[in-house]
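Next come two complexes built around chain A: one with chain B, the other with chain C.
Moving on, here comes the complex of A and B:
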């Protein structure tokens, strides 16, 4: 279980996250929602060790992650699919995956698993990643993160700017991953996606926890979520 | 993964071996010099082309090998073999120290810091001119130009020794870029933050890259002194930090064969154009501008982009 407990993060003198807390249990999809600039991406970066936390704790299965250097955290079982894909754009699909696989080890079985999830990538191994379509780039970004065989996957707005068929595919894959035991912290702003996917929604506003809604509350009164998202 | 790169590089080495018998002595001499300087460029390329670290101070690594060899052979009367080993050990220790100090910086600051260290090195060479020969440098005596019975005054020995060293470094790098560490360097070049997200210790890998790059450049410097019999402060000057950057950019950064292509191109562009006019630098400048416009990734880089993506 990933536990974020009263985490504070600052960019220099400017504090952007204030006592943020949330939990992602095994096999859960927890949505992190909020308007632009609320601090969702900042929290993902802080979890990955890419931004230092000034106070608070981040633990995964009881192990403190807050003070670890960024390159150690993926080895502990957390992977991030960043917003806007952020591939190694000059490299081919195969090279992107190869770079992802190096730190993990069991290359053959991991690749087989990934190609089962995203068969299209296997057909495009030699293609330079910047020439892929938006949806294929998103598949590759997810696949590269999955090369680490994470226990918890952080997905930062994975369907942003994608065509409907790709959105469906990414959502279906997200559900499949949960079935296979991967826990997911999903940064999402789309109301339908949150309703469809999440076990729990954590809404943050101006870097602070505003509201936590569980599945029954969401289904019972979705208006609260709509109001929180401003839709 | 493919073996096309290995085949290409073996083919290039084979072609260069054959070339010795096909061209005049004049060109043999130029090519031997080009091959040693291409080793220098390959060392630079590992840091710049593969790791994405732009150094403006690589003359100090070349000169470390050059003076490590030259001084040990001339002052302390080491044999050529002992001198080479000494130069490599000194280059290793020196690049480690420079790595620890310069990797506290990034980007433009890294460029400036490496430039500053290189200038300090140059001034130290001048300061100890009594031993280093200062601007004038010094010539290596016969015992320092003989290795395993080969005397490098002989053009054939010169050529094939240069080719042998070039081949060893080229094939060594061909294998190295396929290793885990080699791939990590590419990931770091592409984006440090993403590399960290995938579990790479960026600092350690950059440190390794600086050491390997420094040792290769040191080997080039030591070999130059051994084979051409001269060490001088001119090789520690700032333009010897700019030249490998130019050769790598012309040839194709991040390709194994690019540094050789760039060095050959730059040498022969000057050689041929200076045969037509004393204002040959105008021609050189124009050609470089055209290349920058139409082949911004360098000659081998363009080839890679257009038709041979497998080129490493």
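Moving on, here comes the complex of A and C:
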């Protein structure tokens, strides 16, 4: 279980997260929602150790992550699919996957699993990743993160800018991953996606926890979520 | 001697300069491409390579060939280790900030230069090449009785210079293969493209930086080991390779290794030709003018990408 407890993060003198708390249980999809600039991506970066936390705790299955060097955190079982994909654009599809595999160290079975989820990538192994379509790039971004065999996957707006068929594929894959025991912290702004996928929604505003809604509350009164998202 | 043989000698001297500049400048380029650090002390790693080579070949009581081979193996490692130490002690602590690292490497330049002056002294000292045979070359000319082969006086090359050119080609080929085909090369290329994502995928970025800074220093030292039997070791000898490396890296495109190699060939050849037919000073003026034109018309160099 990933527990974020009263985390504060600053960019230099400017504090952007204030006492943020949330939990992601095993096999859960927790959705992190909020308007642009609310601090969702900052929180993902802080979890990955890419931004230092000034106070608070981040623990995964009881192990403190906050004090670990950033390059150690992926080995503990957390992987990030960043906003905008951020592939290693000059590397081939195969090399992008290899980066994740080097860290994780277990090649054959992981690749087989990934190619079952995204068969198209197997056909494109030698292709330079910047020449892939937007949807294929998103598949690769997810596949690269899955090469780490994560317990918790941070998905930062994974369907942003994708065509509807690709959005469906990414959502279906997300559900499949949860069935396979991967926990997911999903940064999402689309109302339908949040309703369809999440077990819980944590809404943040100006870097602070504003509201936490569980599935029954969401289904009972979706207007609260709409208001929080400004829809 | 006729123009033709002169031209061949000029091209050969140009190839020698290209070979040594390419090795030295690729070191600078790899460091800049990965870390965005402009290493002003790069020429001092070159100088240390030459001085250490002199020390090994003159002070360890080895015969010239054994001494030179020992230097070829040990000196790049020693200088590379010093560069890695400099990364850990200085650049890492400055968080690789581009402006502050320029000032810091200027300080490092003077630290290395003055330490060498105090310990090694101000004299230029020779290093004996492991082998140095002269190969006379023939020339063909149309005479009264048709095409004739003759041996112009002074027209030839030395085996050592030829070996330096071949060694540089082999070493650069190995470096490119290592970067393109090995696991460590892959980690370096990934870190070069997006260091934050590299961290997020478990690559120890600061360790990669330290290793690459060591490789950069080691390559400069390797260039010096190869050239010192031709040019002597001196505590101020780092200035010229630094200037030429900067010219080559800017012309080739910051961080682009193929661009750096191509620019080294261009600058080295023009240096050889202009030095033989006119003067070495004019060769440097032309190289510097080339940088000015490249900066005006192609600010990112011949092979560089937009750095914005």
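Rule of thumb we're sticking to: the second predicted complex is superposed on the first by the 231 of 231 C-alpha atoms of A that agree within 3 Å, B and C clash if a C-alpha of one lies under 4 Å from a C-alpha of the other, contacts with A are read in each partner's own complex, and residues count from 1 in each chain.
The definition used in the following text is that a residue touches a chain if its C-beta (ideal position, glycine included) is under 8 Å from a C-beta of that chain, and two chains touch if they have at least 3 such contacts.
Small disclaimer: the values here were computed from a predicted structure and weren't measured.
Annotation: superposed three-chain arrangement on chain A; chain B versus chain C shows a clash.
With both structures placed on the common chain, the touch criterion links A:150 to neither chain B nor chain C.
Within the superposed three-chain model, A:102 lies in touch with chain B and with chain C [touch as defined at top].
In the superposed model, A:91 lies in contact with both chain B and chain C.
Within the superposed three-chain model, A:74 lies in touch with chain B and with chain C [touch as defined at top]. Applying the stated contact rule after C-alpha superposition, one finds that A:126 touches chain B and leaves chain C untouched. In the superposed pair of complexes, A:48 makes contact with chain B and with chain C alike. In the superposed model, A:39 lies in contact with neither chain B nor chain C.
Chain A uses residues 48-50, 69-75, 79-80, 82, 86, 88-91, 95, 98-100, 102-104, 144, 148 to touch chain B in one structure and chain C in the other. On the side of chain A, the complex with chain C involves touching residues 48-50, 69-75, 79-80, 82, 86, 88-91, 95, 98-100, 102-104, 144, 148. Every residue of chain B that touches chain A in the complex is listed here, in rising order: 180, 183-184, 186-187, 190-191, 193-202, 309. Here chain A touches chain B in the complex through residues 48-50, 69-75, 79-80, 82, 86, 88-92, 95, 98-100, 102-104, 126, 128, 144, 147-148, going by the rule given at the top.
Residue ranges on chain C touching chain A, taken from their complex, read 183, 186-187, 189-190, 193-194, 196-205.
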